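Across the two complexes that follow, chain A remains constant while its partner is chain B and subsequently chain C.
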Partner chain A sequence: MKPIHLNLAARPYRDYRPVYAVVVALSLLSAFLMLNNIETYYRYIHETKATRAKIAEVEEQARVEKAKEDTARQRVKGLDLAQLDQQTRFINAKLAERAFSWSRLLDELESILADDVRLMSVSPQFTVNGPIPLSMNFEAKSGDGMITTINRMNADPQFKNAFPSNETANDDGTYTFVLSVDYLPNAPQTAEVLR
Partner chain B sequence: MIWREKRILLVILGALLIGNVIFFLTYRVQYQARLDEMDDRLAQAEGQLAKSRQGRADAERQLQAYKKVQAEVSNVFDEHWSTQPRRLTLLIAEIKRLADASNAIPRSYTFTGGEAHMEPTPGTRGRGGTVVGAKEVGIAYTVEASYDQARRMINLLELSQQFVIIDEISLSSSPEKKLNLNLRLKTLFRDEPQADATNRL
Partner chain C sequence: MRSFPPDVVVLDSDSLMHARLGRGKANPRIVNAKTYRLAPETFTATPVTPQLANEAALAETLRRLRTETGKWEKVSVLLPDSWFRINIVDLPSIPERDSDAMDVVRWSLKRTLPIPPEQLRIAYSVLSHAEGNVKVLVLSALEATLGAIERVFAAAGFEVVLIEPVGLNIWNAITVRESDTSGDRLFFYLRGTDFTTAVFRGAHPLFIRSRNLSAERAIDQEIRLSASYLRDSLNVETFTSCYVAGERGADIHATLAEEFNTQVRTVALKDYAEDIPSGMFGLEAELTACTGVFTG
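Moving on, here comes the complex of A and B:
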């Protein structure tokens, strides 16, 4: 006799337990991670709040400073630096001329000129720094006057590069000569000039 | 078959898990790195701020330096040189006063100049120039004096409050064994402002 197998199910039987196990596992894992992530997020937001505020503040300050810098740079660009530079150089040159001490130069010349030589004229070419070129006319009673004067200038550290450009014997027995020399007012004075 | 039937639920759960894992790896695992990154951003922002402050300070220093030099230039132009109408007569009076003080009174004076002073602009090689805003005036005179009187006159000119430059000195002897001192002086006057000149018209 053949046994009768009664199957009264409306749908075929399927074992969903593995699916539910995976769903539960995924859900638990997701829930755990989500809670952890939420905690992490709030902690991150909380811990970096001060830093983010500081960054925003600093960036704002930097923006303001940059704007001020740009304004100042624009103003600098608008300045006529070349004109001011020219005026400054010009003024410095004229102040150097004004500051030139003729009394000191004459004192120095008095100390080196021989008794038979006298100064007729002196004309400086002013420079802001460095030696001052002088063009000088002298009159001497003897023919040695020019040589003596050059030698004495060479022995004085305040004079440099003494060079004659002309010597003339006059009818009255005197000699006139022209010397160019570099004058260094700030050079140390000699204790004794060759006489 | 059973997986396919529940695929929507599984996909949603999978996506949720992947999202959480990514967030976890980004924020939790690299938490310190992100904090460090934030500190770096702060340091970078502070560096930028310092740079901007330095830049502004440099620019303002340049401006201040310009203003200072300009004030000094203006002081020389306005106070020491002034304009010709304001200072010329004072200068002449001062020179005459110094001549009196040194007992060496010239018989005549020669006045020259009045041209606007030009300074060569770099690179133009004399083809052009910048107007400096000043003009030079020369005063020359010859005086018969002893050497001591001549030295005194030169010394007084050097000490004068007027801006006067001794340009050249010439000496010659007179038959009476006195020196003929020829002095060439010069001074500078600021150009008159255009507005002033216009107002006088």
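Moving on, here comes the complex of A and C:
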């Protein structure tokens, strides 16, 4: 059973042992956790040494590459791009001109021209890809020569957008006319179409 | 269970006993106990608590105690029951604030004491709290005496952490070793010049009285008067147990058994302490009280 205490002391006894026990327990826990933190720190330093060296190496590489990129960017900034573009276009045009097959064009024109129509001149404008605009002068013995030529060009897959610029009736009874047309060298030839 | 520090001083008008207790297997061990005689007239009689008239005599005894026992500080001081007033007071209510409650308790003592309550140091414990009736156990003693004792102890390097009656702690030594009961138990503590009677119902005191013995009224007469009062006022006819402590306890066994119709048990130190040093004759009750203070 519980005792009865009616303490008349001016400064009655307080049992601080549970408080001290808690303080000691917390101190020990704090010390243990602190030691654990130190051990974890040293383990981290030791175990991640190789990884951290590799990270530093990669970071150094990245820094060097970044410096190279910056240098290249500076060099690109210093280039006259408009002139370079112009030069590139000129070179490409020259390459396209060299690659152009005149014989093939003439063969194709030969296959579509009527008997009473002859080609006087042809001037292509070379492009790298796509259709090559042609400006052609013809002479025909009859007034139907231009219409016949346009119709035949329209029927040929290697020619597109045939359009007359002018037609002149000459004093000697012949007709001269100018046609502009887009030439598609890579389209199937007339012979292939016919086949 | 709460335990006080192991050093206990039992102070009386003519002597001082120091006991040092230690933890034992089942009960506390008496590590050391020694009695020191006080110079005559160290304490002089006053209506409630004797007055410390000769502080130097007590200081000299404490100096000897300090020399013989070495360095220690916290001490519980047990004083004779007759140095206190123990009252069970009925109050209509008690304030929640401690200071207000203490004022109410102090005021309630006004009718029962021959001195102004302002001169008392008081401790109380609420025993029961019913609607319109609060039963309070109040312990009081003269502030001047207790203050003087604490001052002399402090000057000798001792910190007094407990001041209580010897009888109350004999009862504590008994009751902490008993299992819960709701029965009525009777306790007698008999000394050469005074005695204490107490009745406990379960853990709560029903009746506590401490009186000086006089030439006009013998102890047997006092017991019969108490028995008559208990039968009439408290309606208590018989007790589950009756404990008797004190040197002269054996003298009253027959009277107690006859009046209260119960088995009477002597409080023997060997039942409450281990490793009792030899030569402790006449100090059994006081050392038993020490085991009610230091419980291990």
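In this section, the second predicted complex is superposed on the first by the 100 of 195 C-alpha atoms of A that agree within 3 Å, B and C clash if a C-alpha of one lies under 4 Å from a C-alpha of the other, contacts with A are read in each partner's own complex, and residues count from 1 in each chain.
By our rule, a residue touches a chain if its C-beta (ideal position, glycine included) is under 8 Å from a C-beta of that chain, and two chains touch if they have at least 3 such contacts.
Predicted model, so just to flag it, every value in this text is computed and none were measured.
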Partner chain(s) touched by A:Phe90 [first = chain B, second = chain C, both, neither]: first
Chain B versus chain C as contact partner of A:Asn7, first or second or both or neither: second
Touching partner for A:Asn186 - first (chain B), second (chain C), both, neither: neither
Which partner, chain B or chain C, touches more chain A residues: B
Chain B versus chain C as contact partner of A:Ala82, first or second or both or neither: first
Which superposed partner A:Gln61 touches (first chain B, second chain C, both, neither): first
Which of chain B and chain C A:Met120 touches, first, second, both or neither: first
First, second, both or neither for A:Val23, with chain B first and chain C second: first
Contacts of A:Met34 with chain B and chain C, given as first, second, both or neither: first
Touching both chain C and chain B, counted on chain A across the two superposed complexes: 15
Contacting residues of chain C [partner chain A, same complex]: 1-5, 74, 76-77, 84, 121-125, 137-141, 146-147, 150, 159-164, 168-169, 171-172, 175-176, 178-181, 202-203, 205, 292, 295
Residues of chain B touching chain A in the complex: 1-3, 5-6, 9-10, 13-14, 16-17, 20-21, 23-24, 27-28, 31, 34-35, 38-39, 41-42, 45-46, 48-49, 52-53, 55-56, 59-60, 62-63, 66, 69-70, 73, 76-77, 117, 119, 121, 130, 132-134, 151, 154-155, 158, 163-172, 182, 188
Residues on chain A engaged by chain B in the complex (per definition of touch): 14-16, 18-19, 22-23, 26-27, 29-30, 33-34, 36-37, 40-41, 44, 47-48, 51-52, 54-55, 58-59, 61-62, 65-66, 68-69, 72-73, 75-76, 79, 81-84, 86-91, 94-95, 97-98, 100-103, 106, 118-124, 137
Residues on chain A engaged by chain C in the complex (per definition of touch): 1-13, 15
